[in-house]
Amino acid sequence: MAGSGLGNIFRITTWGESHGEALGVVVDGVPAGMKLSEEHIQAFLDRRRPGRSRYATARAEADRVEILSGVFEGVTTGTPVSLMIRNQDQHSSDYADLADVFRPGHADYTFWEKYGVRDYRGGGRASGRETIGRVAAGAIAVELLKSLGIRLTTYTRQIGPVNAMVFDREEIAKNAFCMPDAQAAKEAERFLDQCMEERDSAGGVIECMIENLPAGLGDPVFEKVDANLAKAVMSIGAVKGFEIGDGFAVAAQRGSQNNDAFVRSAKGRGVEKTTNHAGGVLGGITDGSALVFRAAVKPTPSISRPQKTVNTHREDTMIEIHGRHDPVIVPRAVVVVESMAALTLADALLMNMSARMDRIVKFYEQL
Amino acid sequence: MAGSGLGNIFRITTWGESHGEALGVVVDGVPAGMKLSEEHIQAFLDRRRPGRSRYATARAEADRVEILSGVFEGVTTGTPVSLMIRNQDQHSSDYADLADVFRPGHADYTFWEKYGVRDYRGGGRASGRETIGRVAAGAIAVELLKSLGIRLTTYTRQIGPVNAMVFDREEIAKNAFCMPDAQAAKEAERFLDQCMEERDSAGGVIECMIENLPAGLGDPVFEKVDANLAKAVMSIGAVKGFEIGDGFAVAAQRGSQNNDAFVRSAKGRGVEKTTNHAGGVLGGITDGSALVFRAAVKPTPSISRPQKTVNTHREDTMIEIHGRHDPVIVPRAVVVVESMAALTLADALLMNMSARMDRIVKFYEQL
Amino acid sequence: MAGSGLGNIFRITTWGESHGEALGVVVDGVPAGMKLSEEHIQAFLDRRRPGRSRYATARAEADRVEILSGVFEGVTTGTPVSLMIRNQDQHSSDYADLADVFRPGHADYTFWEKYGVRDYRGGGRASGRETIGRVAAGAIAVELLKSLGIRLTTYTRQIGPVNAMVFDREEIAKNAFCMPDAQAAKEAERFLDQCMEERDSAGGVIECMIENLPAGLGDPVFEKVDANLAKAVMSIGAVKGFEIGDGFAVAAQRGSQNNDAFVRSAKGRGVEKTTNHAGGVLGGITDGSALVFRAAVKPTPSISRPQKTVNTHREDTMIEIHGRHDPVIVPRAVVVVESMAALTLADALLMNMSARMDRIVKFYEQL
Amino acid sequence: MAGSGLGNIFRITTWGESHGEALGVVVDGVPAGMKLSEEHIQAFLDRRRPGRSRYATARAEADRVEILSGVFEGVTTGTPVSLMIRNQDQHSSDYADLADVFRPGHADYTFWEKYGVRDYRGGGRASGRETIGRVAAGAIAVELLKSLGIRLTTYTRQIGPVNAMVFDREEIAKNAFCMPDAQAAKEAERFLDQCMEERDSAGGVIECMIENLPAGLGDPVFEKVDANLAKAVMSIGAVKGFEIGDGFAVAAQRGSQNNDAFVRSAKGRGVEKTTNHAGGVLGGITDGSALVFRAAVKPTPSISRPQKTVNTHREDTMIEIHGRHDPVIVPRAVVVVESMAALTLADALLMNMSARMDRIVKFYEQL
C-alpha cells in the first residue's frame, strides 16, 4: 500500500533508505511564483544535521540537496519540486552483523514480519535518515507560510527529567538542545553525560508554537487541523505522544478552568481569547490564537549495552549495538517536528480557500 | 474542502448536524459476505446513548439506526452501507438565544469565522451528536475485526483527579464511568457530584487495548498505524491528546528501560516481547503484542456558570448555558474512541493484504 | 475497496441499490453560503425521470429528494449535504426469476464473480437508478458553476443511425430525445418505433458543451481536466467511449488542420482561438474556449427477445427479460452526463484557487 | 493542487521537465519480493526512445534509468521505488525564441494563464518527455502483472487514413509504426513521407489488449476499471479520445447485436462469452475476456510551417517551429499507453483483494 505520501493539495511523497543511493521527496502542489533555491532548502536541512555537538553522531555527511524539477530561473512553476540528497559515508559494513538479528526498540522485526525481506543497513526506510525528505519539503512549506506572515518556533521542552522552566526565544539557537532555557540546557548536558557514561540514552518533549495563523484553517470533521497535525507528527519514527494546548492536563481540569473566554480585540475580526488552554484550535479549526502542540520523543533505541533479543532463525541471542548513535535524538528532531507542522498548515491554508462561495466568486472575478 | 471522509479501502463519510433532519454515515469498502443487521449496529450505538446515569444528559432519544443500502438478505454485498439515524426530541428553541453569541470552549466562533454562516442549534456539525455516524460505522468495523479474532477493550482510565488503579475487565460494564476499577468509579462519582454542585464539569482519559492483532499492519512512513490512530482519535471533538504505549512517559525514560526485549515464543512467527512499552507498534507497524493507546478528553465546555464572551456584533457579553449537558462526556466517548480504533485497524488490515508479492500470487491462484 | 466516492475538494459519495430502501449521495466540500432548496434539486432530478415519453419506462416514481443535512435556513453551511431519495413502486417480484441467471450485457455475472453474493433486484447497485445520486449532487455543482457565470448545455447528438445535423439550442427541451435538431428527432422516433417493434433497443451519442469557463482549470499531469471528465463520464454504466474536441477524428487529421491558431481578443487575458479542434483544453488545462466532449452510450441491454446465457449453476439456459425497460436510455442519460461534467468542473475550479502564490497572498490579505 | 500522482494502493508520482535536470517517478506500494533491476526497466524504457526510425526525432539520448531506492539485493522491499533519468543533450537554446510566444496546439498558453510563469524550454512539464516517468513505472507494473500470468499487447491501429486490417502479433515489433499489419505499415510509411514533405504531421489510433485478467477487477461505481483506464490514458498529452470494446460504434448498434451471450466454459468459474463487444468489462468489472481499448492520438502540434499566433504581450505574430519533432508520435506513444494500462490494472488487482470477507479471513489464516 502506498504509504509515503502526505497532504491533499500541498502533497509530499518521500523515498529513500538510510544506506541506499539517495533520499528525496517530491513536493507536489507548490504554488507557482515562489522564490526557491538550493541554498534556502540547505539552510533548513542543516538544522537536522548530525555533528553539531558531542550529543549527536559524528557522521560527517554534507547532505547536499539538489533541486531536480519544478523551479525555473529561481522561481517555482507550479509543477512538482523534486529534491534529492545523495547518501555518502555510508559505512554499510557496520550493519552486516545486524542482517539477521532484531534490534529491540527498532522496526527490524516488524518490517521483516510484514515484507519478508528488509534492507537491514542502518534501519533502511525506518532509519532517522528517512526524515531528510520531510525536512527538505518542510523548508518549502515554511517559506509558503512566511509569505503570509506566519511564524513557527520549535524547541525542546524536556530532556529526560529536565524541563525548560523559562521561555527565552533567543536562547533556542544558542544551546545544543534547542532549549529556550539556558539553565535547563546546562542540566540536560549533565544528565546526558551520565547517560552516555552508562551506555544509555534519553528521550524528551518538543514543543511547537505557530503565530499569526488566520482563524478558519482546518475542516470538520476528519480534516481537523489538530487531527492532521497529530498524524503528521506521530508519523515521525520516535514520537509516542501528541498533545495540543493543555493536552493531557485537561483530564484533571474543570470546565471553568479549561474554557477560554472571548473578548473584543483589534485583531482579525475583532475577537480574541483571554487565555489559550485550547492551543489555538476550537472544533478542529484555528481560532487566531497561537497554535501550540507538543510531541513526546522516546529515548534512542540504539544503545551499546548488551540486550536480549532473537534472530531471524528464531533463536535467543544477545546484541550489542556499535557504530554512531545519538544518545538523544530530541534536538535533531526539532526541525523535523517543525517541518511536519509547516507541511500540515500549508495544506490547510490552501484547502481553506474554497470554504465560502462569496470568496470563490470574488477570487474568480479578480483574475 | 471535503473533510468528512476517513480511510482508504474501508472508508467512511459521515454527515449530519445536532438538530438537523438526521445524521448518518456511508461505509464504503465493506467486504461482501458479512452478516449485518440493524440490531447489531443498534446494540453498539446504544453504548454512546445518553441517559444511562445521572452523569449523562436526559435526552430521551431512541437514536434508531436504519440500514438504507449495501445489505441484501442480511448479508453485505460489497456496495456502500448507508446508515441513517433520524433526529427527534430536538428542543431547537433551547438554542435560539445562542444564535449570535460564541460559547467559550466550543467551535461557535471558528465555524462562524470560517464559513460566515452557522447552524447554531446545539453546535450543529460540531456537536457531540456528530459522533453517531462514527459509532454506527464502528459497529461494522468491530464486526470485521471479530471475524479475524481481534478483540477491542476500551475503558476510562481517569476522571478528573481519579485514576483507575486496577484492571478488572468485568467491572467496565458495571459502573457508570466504564472504569475497570470499582473503587475508582466510586471516587469518580463523588468527584462528579461535587462538580455538578459547583455547576462545573470534568475531563478524563480513555484507554483502548486491542488484542490478537496480526503483526505487520501499518505502512511506512505516513500510513503508520499509530499515526492513523492519532488522527482518527484526535478528530473526536473533545480529545486534546493521544499517546501510545508509554506515551509521554517515554520522555523521562532511558533507552534501557524503554526498549522491549524480543524472545522466542509459540505465537505467530515465534517472536514476542517480554514487555510492551512500545504499545504494540514498532516503526508504525504492529508487532503482535497488544496495541494500547490513550486519549485525553477535555471537560465539557457547556457549564451553567456565567462566563465572559463576545457576540457576533463584537460586543462583550456574559453567557449562561442552560439545557441538557453531561458534566463529563468521558463515559459516552468510550465507544467513540473504540469506533475510531476499529475503523483505522479495519482499513490497515485490508491495506496490508497487498504488501508481499508471494501472497498476492497465492491469493489469485486460489480463486 | 471504497469505490463510490469522486472528487478531491468537492467530493461526492453515492450509495443505494435499485430496489433497496433508498438511494442517495453525500456532497462534501460544498462552499458555505450557497442558496439551496429541495425544489431546486428536484427540478434537476426530474430531468432524468422516467415516464416522459413512450420511449422511457412507465415506472411512476416520484423520486422525491430530501435534504438531510448541510443546509440551514435555506443556505449551505459548508458541512456535508446529504441527499436521499426513497425507493417506491419497486416491483421486486419482477426480478425473482433473475436471481440465478446472468443477463447478457449486464453486470450480473461480474458482481457475482467479484462478491460471491449480489442484490439481483433490478441490477442492484449496477442499475441505472444508481445515477440518481449523481444527478442530485450534480444539481448543486451546476448551481456553483452558475454563480460564476458558467453554462452547461447537454444534448443528444445521435440515436442509432440518426445524427443531429443542426444545432438549435431551443429545440433541445422540445423533443423526447433532447436533440438540438427537430428533423433528426422525428427520424429518431421512427427508428425507435422500429426497434421496439422488433423487441430490440438502440444506443446513441451525447454531447456536452460548457461555456464561459475561465482559462486555467485542470492540473498537470494526472488531474488534467479532460482526464477527469473522461473518468467521470466513463463511470456511467452504459458509456463505452469518451472524446473531447475533434476526438477520434484527430487520427485522420494533419497537424496543420488540428492546430487552433491564437489571436488577440477582448476576452479574458486577451487571447482566443480562431477554431476549437481542441475542445477547449490544451495540455489538460482549459483555454477559455467552450469545452466540448461526447460520450457513446450503448443500446439498453435489457431486451425482451430470447437470449442465450448461463445461470449460477453453470448451466446453459435462455432468458427473456420482461418488465419496464427503456428501448433507449440516451435521453435520460443526458442529465447524468451533464451532472458528471458539472461535478468535475466544480472540483477543478476549487482546486485551481491554490495555483499561484500571488493570488493566495491576495486572498488572505483580503479576509 | 497536487496533480502528479495516480493510483490508490499502487501509486505513482512523476516529476520533471523536458529540459530540467532530470525526470523521474516515485512508485509507492510496490509489493515486496519482486525481482527488479535497472536493466529490466531500461528495456521497457527503450521502447519509447526516439531515434528508432526517420519518423522519430534524432535526439540521441541515452535516457538511462537509475534505481535510487526501494530495491535491496535485486529485490523490492515494499518501500517506494524511486527512479530517475538525467536529461542530456538538451539544446535549450533551440527554445529561447519561444519564451514569449504561444505555439498552437501546445499547452504554452494555458500554463502561462494558470501559473503566470512557465518553463518554456521544450514545453517544460507539458512535453512528451514527461511520459518517461510513466513508462519507467509502467515497467514495474507490467512485471507485477506478468507474475500473475497477465499479458498486455499494444499496437498501432491507425496512422492518418491508414488502418491495420489484419492482426499479426509477430509483425508489431517488426515495423517502425508498431502495426500488426505489414501492408498497412508500408502504406503508413508512404503517407508519413508525404506529410514530412509538406512540413505537416499525422495522428493515429493505438489499441491495447490485455489477456488472462481474472474476472472481478474494478470497483463500482467510480472506480470502475474502464473509468480508471479512461482517466489514465486521457491524461497522456496528445490523447483526445478513449473507447472500450466496440466503443463509439455502439451508438449505431442494436441491443441484440451489442449484448454478448454467456456460455459454459472450462475457464475460470466456468463462464465465458461468445463475443466480446463489451471489451472485457461489464458494469466496470472485468469479466474474464480480453480487455480491449483504444486511444485517439492527435497529430504532432509542432510543425515547421508558418502558423498564426499571439505572444505574451498580446501581439499577433507568426511562428515557425524548428528543431527536432516527430511527424507522428503514435509509435512512441504505444508503450506509454501500455504503461498507463498496466499501472491501472496493477492497482485494480491489489484493490480487489479486499472485496470478500471469506477471502480476507482465509488470507490472514494462512499467514
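Letters A, B, C and D mark the chains as written, and numbering starts fresh at 1 in each.
As a convention for this text, contacts are C-beta pairs under 8 Å (C-beta built on N, C-alpha and C of every residue); 3 or more make two chains touch, one makes a residue touch a chain.
On a predicted model such as this, the values are computed, not experimentally measured, just so you know.
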| item | value |
| --- | --- |
| Intersection of contact partners for subunit B and subunit C | A, D |
| Between the pairs A-D and A-B, the one where more C-beta pairs touch | A-B |
| Between subunit B and subunit A, distance of the C-alpha-averaged centres to the nearest whole Å | 26 |
| For subunit B paired with subunit D, centre-to-centre distance based on mean C-alpha positions, whole Å | 44 |
| Between subunit D and subunit A, distance of the C-alpha-averaged centres to the nearest whole Å | 37 |
| Subunit D, residues touching no fewer than two other chains | 1-5, 8-10, 14, 29, 32-33, 78-79, 111, 114-116, 125, 216, 220, 350-351, 354-356, 358 |
| List of subunit C residues in touch with subunit D within their complex | 1-6, 8, 14, 102, 104-107, 109-111, 113-116, 125-126, 130, 158, 160-161, 195, 198, 200-205, 215-216, 218-224, 226-235, 237, 240-264, 268-271, 274, 278-279, 281-288, 296-303, 305, 307-310, 314-316, 351-352, 354-356, 358 |
| Residue ranges of subunit B in contact with subunit D within the complex | 8-10, 29, 31-34, 76, 78-79, 144, 147-148, 214, 216, 220, 349-351, 353-364, 366-367 |
| Residues of subunit B defined as touching subunit C within the complex | 1-5, 7-11, 13-17, 20-24, 26, 28-29, 32-33, 66-70, 72, 75, 77-82, 84, 111, 114-119, 124-125, 350 |
